[in-house]
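Below is one structure, written out as C-alpha cells; comments come after it.
Naming follows writing order (A, B, C and D), and every chain is counted from residue 1.
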Amino acid sequence: MKVEVCFSALEPWAEIRSYQERRKDLDGKFGATACFIGTMRDFNDGDGVSRMTLEHYPGMTQRHLEKIAAHATERFPVLDVLLIHRVGELSPNDPIVVVAVWSAHRGAAFDACRAIMEELKSTAPFWKKEILETGARWVAKNTPG
Amino acid sequence: MKVEVCFSALEPWAEIRSYQERRKDLDGKFGATACFIGTMRDFNDGDGVSRMTLEHYPGMTQRHLEKIAAHATERFPVLDVLLIHRVGELSPNDPIVVVAVWSAHRGAAFDACRAIMEELKSTAPFWKKEILETGARWVAKNTPG
Amino acid sequence: MSIRVRFFASLREQMGYSEKSIAFEGLATVSDVLERLDKARILDAQVLYAVNMEYANSDTPVKDGDEVAFFPPVTGGGP
Amino acid sequence: MSIRVRFFASLREQMGYSEKSIAFEGLATVSDVLERLDKARILDAQVLYAVNMEYANSDTPVKDGDEVAFFPPVTGGGP
C-alpha cells in the first residue's frame, strides 16, 4: 500500500506503473486494476477557473488517507491500493488525485476504487480555493458522486 | 474515441497517456478519468495457467467493440472512451484489455468504465484457451462482475 | 449462390474445420443453415449465432452471399 | 497547561489567524473550547471538529496538550 500527499506535479500513469513494477510479488496474482484520476478543470459552477490552491491539514490528512485506503482493503477482497493526492498551487489540467486498486477479480477493484473516492471526497481534509477572473472563492461543498 | 484489437504486447499506461495527450481539445474539460486494466493471471479455477491463446472474430470483434464504446457514450455523459483488447499468445501478467473513460464528473466515468467492461465480457467475440500443465482447455464461460 | 459458414474457438475444433461454403438453395433462416450442418454437434455447445458479423438468432433471415458464424459463449476481458 | 487550536481554509481566513494556544483550565470538551473562542463566527461556517487529528464532535473530551482543529466541509478529490 502506498498513500501519499504530493507537493509537486503529480504524474498518475508514471506513479501507477512504477508502483506496480515494485510489487513484483503480485505478478500473475492480479487480474484487475481499476484506477481513477481526478483532474483540475478550467470551469466550475458555471465560472472559468484559472488557478486553484489546495490546502490540507498536515498530519491529519496523511493519517486520514491511510485510514480510507485501509478501510477499502477491509471491505473488499483487494490485493493492493495506491492513493496519492496533490496539494498546493494547481493549474487547469493538473492531476489532483490518483487511486489505483489491484485485485484478482474485477468487481472488487471497481468497488474499492469508487468507495475510496467517495470516502475521500466526503471526509479527507482538503480544501479548494479557486481563482476566478472576478477574484478568489472557497469551494463550499463537494458534490456527491 | 479509439477502439482497437491489439496483436502484440499491450502497454496500458503508455496507451492511455499518449491518447490523452493527443486529445488536447479536452484539456481543462475533463475532471475525471476512470480506467480498467484486465491482466492475465497465472491461475484460474484452481489450476495453474502457464500460457493463454486469445482468439477473436476479425471484423466482427472490431465492429462489436466500437458498438460497446459508442453505447457507453450514449448512456452516460462522457467526453471520450479508449478501448483496446489484446489477441494472440499471452503469458501471465500480460495486459488483456484496457478501458479508459474521460468525463466532467466522476460518476459518469466510473459508470461508463464498468458498463463497458460488463458488456465486453458478456458480448464481445473473444475466446480464451488456457494452457495448463495437464493440457489445454477452453474457458467455458465468463463470470459476472 | 452460397453462404459462408464460420466456426470459432472450441466449436471450430469440435467441427474439425473453421469455415465452409454451402449452397444457398433452400436456405431462408439461420435455422435452415443449422439443419444443413451437423446440427446436433453444434447445438451441444450452447452456441451463439451471427449473420454478417451481427448477433442473430435461429429465425434471422439469410440471403445469398451472407456470412453465418457459430461460436461458443464469449470469454474476453480480464478475470 | 494549554490546548492548541487550529483553523483551516475559509474558517482560518474568517478568524484572521491559523492557530492559537489557549489555557487548558476549565476545558473538558470541544464545546468548552468553542465557548472560549468567537463561537458565533465559527458555528456560522458548518464547521467540522477534530481532536488530535481525528474527527470529533462537540462532546468529545479534551485534555491538556491536545490539538483541537476547526474547519469547513472538505472539498478534496477531482470534480
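The rule we apply is simple: a residue touches a chain if its C-beta (ideal position, glycine included) is under 8 Å from a C-beta of that chain, and two chains touch if they have at least 3 such contacts.
All values derive from a computational prediction rather than experimental measurement.
Undergrad: Show me the overlap between the contact partners of subunit C and those of subunit D.
TA: Of all the chains present, those in contact with both subunit C and subunit D are A, B.
Undergrad: Looking at CA centres, what chain is most distant from subunit A?
TA: It is C whose centre lies farthest from that of subunit A.
Undergrad: Across the interfaces B-D and A-D, which one involves more C-beta pairs in contact?
TA: A-D
Undergrad: What whole-number Å value describes the gap between the mean CA coordinates of subunit A and subunit C?
TA: Going by mean C-alpha positions, subunit A sits 48 Å from subunit C.
Undergrad: Please work out the Cα centroid separation of subunit A and subunit D, and write it as a whole number of Å.
TA: 26
Undergrad: Give me the residue numbers in subunit B that touch at least two other chains, ranges are fine.
TA: Each of 31-32, 36-41, 104-106, 117, 143 in subunit B touches at least two other chains.
Undergrad: If you look at subunit D, which of its residues touch at least two other chains?
TA: In subunit D, 77-79 touch at least two other chains.
Undergrad: If each chain is a node and each touching pair an edge, is that a line, ring, star, complete or other?
TA: other
Undergrad: Considering every pair of chains, which are in touch?
TA: Inter-chain contacts occur between A-B, A-C, A-D, B-C, B-D.
Undergrad: Looking at the complex, which residues from subunit B come into contact with subunit A?
TA: On the subunit B side, the touching residues are 12-14, 16-17, 27-43, 92-93, 104-107, 109-110, 113-114, 117, 143, 145.
Undergrad: Report the residues of subunit C in contact with subunit B in the complex, numbered from low to high.
TA: It comes out as residues 6, 8-10, 50, 53-55, 69, 71-79.
Undergrad: Which of the residues in subunit B end up touching subunit D in this complex?
TA: 31-32, 104-106
Undergrad: Which positions of subunit A touch subunit D when the two form their complex?
TA: 36-41, 44, 54-57, 59-60, 63-64, 85, 96-97, 117, 120-129, 138-143
Undergrad: Under the touch definition given earlier, write down the residues of subunit C that touch subunit A in their complex.
TA: Within the complex, subunit C contacts subunit A at residues 77-79.
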